[in-house]
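Below is one structure, written out as structure tokens, with a few remarks after it.
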Amino acid sequence: MSNLRLFLMPILAVALAIATGALIIALSGSSPVDAYKALIDGSLSDSKSIGRTLEKATPLVMGGLAVAFAFKAGLFNIGGQGQLVFGALIAGAVGYGVTGLPWIIHTPLALLAGAVAGAMWGAIPGILKASRGAHEVITTIMLNFVALNMTDWLASKVWREEGVIVRTPHIESSAEIPRWGELPAGFFLAVVVAFLCWYLLRSTTFGFEIKSVGLNPNAASYAGISVKKIVIMTMAISGLLAALGGAIETQGVVGRYEPGFNAGLGFEGITIALLARTHPLAVIPAAVLIGAMEAGGSMMQFKADVSPEITDIIQALILIFVATPILVRWFLSQKETNELSVSTTWGS
Amino acid sequence: MSSNTLALEATGISKTFGSVKANDQINLEIQKGRIHALLGENGAGKSTLVNILFGLYKADSGIVKVDGEPVDLGRPKDAIDRGIGMVHQHFQLVPVLTVAENIVLGNEPSNKANVINIENAKEKVRELAEKYQLEVDTEAIVEDLPVGTQQRVEILRSLYRDADILILDEPTAVLTPQETDHLLQVLKKLASQGVAIIFITHKLREVLEVADEVTVMRNGQVVGSTTPAETDESGLAEMMVGRSVVLRVSKETASPAATILQVVNLRVQDDRGLMAVNDLSLEVRSGEIFGIAGVEGNGQRELVETITGLRTADTGSILIGDTSITEFSPRQISELGVAHIPEDREKHGLIGPHSVADNLILNRYYKSPFSNRGIRQQKAIADYAKEMVEKFDIRTPSIETPSSSLSGGNKQKAIAAREFSHNAQLLVASQPTRGIDVGSIEFVHQQLISQRDQGLAVLLVSAELDEILSLSDRIGVIYRGQLIVTANAADLDRNRIGRIMTTGSDSN
Amino acid sequence: MGFIMSDNPPKDIKQFFFNKRWWIITTVLLVVFTLWTSEFQQANTTSVLVSTLRHSTPLVLGAMCGLLCERSGVINIGIEGQMLMSAWGGFMVASTSGSLLLGVFAGIGIGMMMGGVLAGISVGLRGDQIIAGTVINIAALGITSFFFSLGRTLPSGKAQVIKLGPLADIPVAGRVLFSNKPITYLTLLMVPTLWFLLFRTKWGLRTRAVGEHPSAAETVGISVIGMRYLNVIMGGGIAGLAGAYLSLEAVGSFERVMTNGKGFVALAVMIFGRWNPVGAWGAALLFGYASAIQTQFQFRDWLTDDPQFIGIIPFIVTIVVLAGFVGRARPPASIGQPYSRE
């Protein structure tokens, strides 16, 4: 398959999904044209809306990177949501709990704390898989529920702000990630991280080991690569990336941790990763696309009276269309296995 | 006198896979009650042809007639209905089911409610086994059975469906000489009862021993037909390859020096917890090839995996030079100068989607000059790869091509290139020439001898007795995890080895 | 369990009990624990057991769906999505038509349709089964959330208990086993039925062959692709029944994300039960118990201030089971690998 076709597939998928979405909108009684116009208006029309789009896109970049990175080692990380909330909470805790530090130290410290929390949470399914063969799809999903409960508890019992609402106190201003005009600096941080991931996978020995394990763990272990170590480290990094997304969200957008925050981001990460065909750099435009849809959602409801969940459906459709052409292409050219053949069984 | 009606007749069979013409206008005539050998080297198209006859592939063109009538063989079921049965090279048996269940699968005796009558099934199998003298335990779980017995089950599977034409694809690849003899007897008996037999092999001796007729294939075409009476081994070999072939590797006697590998009282468990290597000891010296002869499944795999660090021993020790490696990781062992050609090149030897270049440095990607402080040095990798491709004559469009695109022989050459350039003191080679063309086989054999002459110690594990006999300086015969006999190659002959391989004892 | 765990029949009755010693020990421990926490009172013990059965029903149905697919060689990660869509679809149909039965059929139908999608992608197009299942989950989440409108109700309420005559009057057992709702009864009947079908009939033998060694089955004339399509779709129907159970029998309405991970717990149940319907049933009861004792904790005033810790019990149990047992459990050999003839 030529490279051009590989590139066109996701675009085709998006186009098809948008068209189908239009059909659904029409069936539910509204005008697709008005709806999409409002969507664009709310997401890309001026610097304020672009700012909103990039803001929404930031955790999507990180979530997509998390899933894509794990895919490279043949692992399916569905635990993005749990890793993300831990990152968000811990960053928020360090953000308000530590005082008297200058910005240059406090902000990175809070980010780091959140990232480490995510790395640890991501390492757990990695360890379970490496040592016991437990399939990460189930363990990560289970841990999502555990994480939601735990962060809930921490936010309501341990790091609770005085008052009725369950949330952590607002972070110190020294831990905030600024906006440059209307544009969130967090987005550019995410872009830098994406480039780092790309470089790591492409040009480092460690990246070579990760890809080798993902492509053929048997041969990789024959070549002396410790598959178990790679599995654990990859899941840890994947968790770190997702958690960093949460941390950036807390420090750059919300300013504190509230339970019920950004639910569903784990699955959105999968959509982004598949749309980007697990390429770290392609995650960026994919995230901006989905971010735009989310940013414009409320405008769409306001102006065209279309429920914003339609964007969820469009995302589901994108996923279906993206996954199916990939699968079709896999079926046609079985030799090109740089594609998404993920883990294949329950045990190691 | 043999009947004039042909059991099977194939005319003009052609099949193309991608750019490869696997079968090119093949004509084949199989008489009833005769054993017809289909001879050719790996990649000649024999398997493709019989898969078409069995309905697993659909021919692009050509006609197949069974008993004079043209048939359409779209699925195995069509072939089975027509009385064609097949014994596959890799057994098509369900490992977790019993012998009886495997044999009746698809034709199960049952009542109207589709409930299987298992006693009936077992009874029928027992009758069949007696009729053809193929003893089996109907209640045994197939994966617990030895390979020779599994093959019997596979044969019974076809006979249960009243096969008139029995195709066997490389049936003796996994058998000892004694089991092979027994199989050939069974085939003769079946033929005398009217069954037509198509027998695929690349072993010349078997052809001469048992076949009534021989068809030789090369590069997808039939290059000739003959009978054993009219030809001999070198004649057949020449037909197979198209030029005169060196059947025996010429080598000087070895002059071995220091001991490189010592295995002492090794015990290793297999994946199921059974003792696969059972108190085994051996020594390999620099400048000699030590061959391990034995039927697959007698502990060779576990032995090799333990030496290369992929498996942990229960007790016993392994020394490379003076260093005990029983606690070492695969990488540490590799660092000590141990190279390894794995048995399954697709699974363990190469990472398919990685480029040829990446695969050529797979054992040293983390070391300078290919990697510097964790960053890969692409230019150094490319330079080295180009050098290797030329030196080892690896046919590939470029060094960046994914290694999965290479032919079997070239894949093996790439692995050989990598392992021979390791600066190793010990090479562990498992089935190094399995499934590759004669030219590549010659190449690998020559490389092994020349490396030996330069001082490499080689531990060779192969199921091809001929390969062991022609390459080894010393031979150990393995049976149930122990070396029953270890001796100089000159002091052992094929029959003695075969007897030990089957029975485990050296006495007559 | 020679006649139950038919993959490796034991030699006699003593070996049977020895093989199942962990099940027996666990059951005894749990019975003791239950009696203790309910202070040996009949009412409390009964309510725990009833609750256990209630929680276990969707799990065992989900596990049977999963094992039907995996015994044929197809991993079904999308059970969660199938259950969710069927719960929603069944509810919508039932509330619009007024007929619970119609709703149940709708649920089953939706499950089968989604099974068809999974089969199409993974068997027909030979795509990655895990991605296919995830696609189903995400799609189900999106669609059910979008089309959900608050305020719908079932005209005649949810399914009612059917008492089986005098049997229902037996203390404890009567309440637990013989006073149940229709789908619950159906589920209890399905377990031995599926077991029998899988281990005693032609279809069952062929299914297992297809799942362990598809090419062996193909070479005796069985259509691997046909069997996989059939089983995945049927499995989908069972998952659909589970969904219908949730909205029409257990709760009586539809809530967003009402499955809440049950589809994934069902997979752990399937693995724990070694891909065997009876084993899965036992495992489902165990997990059901883990959910049911949450009420016991409340009753005993344990951790009432920190309900989140109780909430995580089923999920932790799932992880422990998966980590503890997968290594020793052997799935059907061909799962996850697409099959092609050439």
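List of remarks:
First chain written, first letter: the chains are A, B and C, and each begins at residue 1.
We adopt the following convention: a contact is a pair of C-beta atoms (placed from the backbone, for glycine too) under 8 Å apart; a residue touches a chain by one contact, two chains touch by 3 or more.
Predicted, not measured: the structure shown is a model, and the values here were computed from it.
Counting hops only between chains that touch, chain A reaches chain B in a minimum of 1. Counting C-beta pairs in contact, the chain pair with the highest total is A-C.
Per-chain Cα centroids separate chain A from chain B by 47 Å. For the pair chain B and chain C, the distance between C-alpha centroids works out to 44 Å. Annotation: 30 Å between the Cα-based centres of chain A and chain C. Against chain B, in their complex, chain A makes its touches with residues 203-206, 208, 211-212, 215-216, 218-226, 335-338. Against chain C, the residues of chain A that register as touching in their complex are 76, 78, 128, 132-135, 137-139, 141-143, 145-146, 149-150, 152-153, 157, 264, 267, 270-271, 274, 307, 309-310, 312-313, 315-317, 319-320, 323-324, 326-328, 330-331, 340-348. Every residue of chain C that touches chain B in the complex is listed here, in rising order: 7-8, 200-203, 205-206, 208-209, 212-213, 215-223, 333, 341-342. Of all residues in chain C, those touching chain A in their complex are 75, 77, 121, 125-128, 130-132, 134-135, 137-139, 141-143, 145-146, 260-261, 264-265, 267-268, 271, 306, 308-309, 311-312, 315-316, 318-319, 322-324, 326-327, 329-331, 335-337. For chain B in complex with chain A, the touching residues are 308, 310, 329-331, 334, 340, 342, 347-354, 358, 362-363, 365-366, 371, 374-376, 378, 402, 404-405.
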